[in-house]
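Below is one structure, written out as C-alpha cells; the observations come after it.
We just call them A, B and C in the order they show up, numbering each chain from 1.
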Amino acid sequence: MAGLSFDNYRRNKSLEASGVLPPKTTSTGTTIVGCKFNGGVILSADTRATAGMVVADKNCLKLHRLAPNIWCAGAGTASDNDKVTELESSQLEIHSQWTGRAPRVVTALTHLKQHLFKYQGHVGAYLIIAGVDVTGSHLFSLHAHGSTDVGPYLALGSGSMAALSVLESKWKEDLTKEEAMELCSEAIMAGVFNDLASGSNVDLCVIEKGKPSRLHRGYKQPNQRLQKQRNYNFDIGTTSYFEAGSEVFYISKQSDLETSAMEVDQVS
Amino acid sequence: MTSIGTGYDLSNSVFSPDGRVFQVEYAGKAVENGSTSIGIRCKDGIVLAVEKITVSKLLKLGANKRIQTVDKHVGVVYSGMNPDGRHIVTRSREEARHWRDQFREQMPIPTLAANVASYVQLYTVYNSVRPFGVNTIIGGVDDEGSHLYMIDPSGKSWGYRGAASGRGRQTVNNELEKLDFDKLTAAEAVKEAARILYVAHEDNKDKDFELEISWVTEANGRVHEFVPESLLAEAKIYAEEQLDADVEG
Amino acid sequence: MSIVSQSPYVDMKALKKGEVNLGTSIMAIKFKDGVILGADSRTSMGAMVANRVTDKLTKVHDNIWCCRSGSAADTQAVSEYVRLYLDQYKINYGREPTPKTAAALFRKLCYENKNVLTAGIICAGFDEKTGGEIYSIPIGGSVHKQDYAIAGSGSSYIYGLCNTHYKQEMSQDEAVEFVKMSLTQAIRWDGSSGGCIRMVILTKNGVERLLFTPQEYQLN
C-alpha cells in the first residue's frame, strides 16, 4: 500500500524506552529563500546537509522541480523533503496529463498542505513553493504542520533570520530579474556565513513567465577550496629501501577465475 | 393499463420492450385503491386532509393517525400501503433531523421533497426490492414560503397548488380545480378540504369514515399540527350543508 | 496565531520542544449596516515571528468570513473544510448559506475533533434578513452568538475596554474606529500580537478590505 507505514511505531517506542538510540535523521539545517520580481519568481538555497554536528553533504541540492513551471526549496528533514517533493511531482504530472493543462501553483500547495496536515508535523518538510501558471506568478511557504503563508519574499530554515535581515532591508517593489537574483543570493550567503547549520554554495532557480525555468547550480561558490600554499607530497626517495622488483603472473585459462562448474559423474 | 407484463413484470431492473417498468406501475395500482388524501397550498399556508375509511367497528376513533409530522414545519399524508407510508415518514424525519444537525436550520421543503423522491426512486432500480406502494404528499411553510409536493412510486416529485391521491382523486381534482388558491385562506381551505372529501366519499357511501385535517400556516407560527377541534367540527358541518345543498339543488 | 499551537489553554506537553505559547488578537463586531472583522497580522513560531503580514481574516463564502486564532495549520484546515461545505451547499441547494449555518459547520468540526485541534474561531457574516451575525467558537467547540466577539491571547487585555465602549448601531466610520482602537490596545499589551491591523467590512454592498500599518494605527 502506498504511503507511510507505522507498523514498527510501538516497537520502536519501546526500544527507545529501553535505551536503544534511534537513528539520526539528516537535516537540511538550512537557509532557503524565495522572492518575486517583475517577470516571475526566484528560489534560492544553500547546499549544506547536516547529521547532528557533522556535515553530511557539502553540496546537496535543496531545490526540487515539482513541475516544469513549479519549483520548491526544502528545509527540515532531508528525506521527508526528497520523498514529499518526489511524490508531489508525479501527482502533478498525472494531474496535468488528466487535465491537459500546465499545473497551477495553488494545486501543488493545496495538495502538499493536505498531505502534511494529515501527518500532523511528523513529515518534517518545510517548503517554499514558487512558480508561474495561467493565473500569474506565485510564492508560498508551507510548514510541516500544514500551515501556509503568502508573500512577496519569504525565508525558511535555521538561517531564515539571517536571510530575512537582508530581505527586509534591501527588498523593494518591482525588482528586475538581475536585482532579485542578487538579493536572493545575498540573503542565502547571510545564512551560509552566519548560521552554523547552513553553508557551502548558493543554488538558485529562476522561474519566468513564458520561459523555461533555469536552475543555476552553484550560482555562488564562496567556499571553494583554495590551492594549498605548499605541496605535502613526499619526494621519491625520502624513504630508503633495500630492494625493488616485480613478478608477473599469467592466467592460463579464463575458467580459473570463475567458479568451477559442479562436478558430475561423466557418462560415456 | 391495457397491456399486462407477459414476463416483464417480475423484475424492477428490467424494462419491457415498450419501455415500461411494470413493478412501478403495479405499485401505482396500490395507490389508486388507497384512501383519498388531499393537499392544498393556499394564501397563508398549506392544509393536508385524509379520508379514513372505518374498516372495523372495533377501531378506536381518533387513534391510528394518518397524517404525520416530519419536522416542526412539515407534514406528510399518503395514500396506499400504510406501512410503506410510515417508512417514508421515518426516512423523511431522518432527512430533516440530519439537516438540522448539520446546518442548524429548518430543512427547505423543496430539498426535503427532492431527497425523499431520490430515496423512493432507489427502490425502482434494484431487483432485490419492490417500489413503495404510496403517493406521498409533503407540505409545509419555510423561509421561502409555503410548499406542497407529491411523490409517486416512481420517485417523481412535482410541486402542486392542490394535490389529490387515492381512490377519490378524480372527483377531488375536479373540485380542487374550482378553487382560487391565491385568495383562499388556510381556514377556508380546511372547510373546502372537508367538503371535497365528503363529495368524494359519495361514491363509497356505504362505508363510514373519519376525517383528519392538519395545517401549517403563518398565523400558527409555521407549525404542523392538527386543526383545532372546533374548526374541524365547523368544517364537517359546512361539508354536510354543502353536500345537502348540492343534493337538493 | 502560531505555527504549532497557541492559546492559554493548550497542554504545554503537547507543544514541541522549544516552542513558546504565543497568540493573536482578533475581533468582530456588528454595526448599523453589517459586520466588521478585525485582526492583527503576527504569526509566531516559538519566539520568532514567522510572518509579520499574515492574513487571519479568511473567506468561507461570499458574505461569510472568519477570524482565526490558535494553530495556523488547524484553523486553515478547518476553514477550508467549511468553505468546501458552504460551496457545496450553494451548488446542491441553490440558496445562500446563512452565517448561522457556517457557524454550525465550524462547531461541528471543532467539537467533533476537539482532541486534536487548537482552533479559536470567530465566524461573522452579512445576511439581508438579519443584517449580520457574529458567532464565537472558542476551543472546545461551543457556539456563542454575540453582538461583538473578541478572541486570541491579546483579547484578555481589552475585555473591559470593549465592554465599555461598544455601542449598538454604530456608523461604519465609528465601527472601524472602534475596532482599530481596540486592536491597537490588544497589540500594545500583548507581546505575541503585532504587525498590521487588517479589517474586512461586510455590508449589503459586498466586501471591503482595510489595512492599517503600525505607523497608521499607533497612537504615539
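By definition in this document, contacts are C-beta pairs under 8 Å (C-beta built on N, C-alpha and C of every residue); 3 or more make two chains touch, one makes a residue touch a chain.
In this text, all values refer to a predicted model and were calculated from it rather than measured experimentally.
Novice: Is the number of contacting C-beta pairs greater for B-C or for A-C?
Specialist: Looking at contacts between chains, A-C has the larger number.
Novice: Measuring centre to centre, with centres taken as mean CA positions, what chain is farthest from chain C?
Specialist: Chain B.
Novice: Point out which chain occupies the most central position, where each centre is the mean of Cα atoms.
Specialist: Smallest offset from the overall C-alpha mean is found for C.
Novice: Just the number, please: Cα centre separation of chain A and chain B in whole Å.
Specialist: Distance between chain centres: 69 Å.
Novice: What whole-number Å value describes the gap between the mean CA coordinates of chain B and chain C?
Specialist: Taking the mean C-alpha position of each chain, the two centres sit 48 Å apart.
Novice: Counting in whole Å, what is the centre-to-centre distance of chain A and chain C, each centre being its mean C-alpha position?
Specialist: The computed centroid separation for chain A versus chain C comes out at 37 Å.
Novice: Using the touch definition up top, name the residues of chain B that touch chain C in the complex.
Specialist: Interface residues on the chain B side: 102-105, 108, 111, 143-144.
Novice: Please output the residues of chain C touching chain A within their complex, sorted ascending.
Specialist: By the definition above, chain C touches chain A via 3-4, 16, 43, 45, 48, 50-51, 53-55, 71-74, 76-77, 116.
Novice: Spell out the part of chain C that touches chain B in their complex, as residue ranges.
Specialist: Against chain B, chain C makes touches at 89, 93, 95, 97-98, 100-101, 103-105, 108, 129.
Novice: Can you tell me which positions in chain A touch chain C when the two form their complex?
Specialist: 113-114, 116-117, 120-121, 143, 145-151, 161
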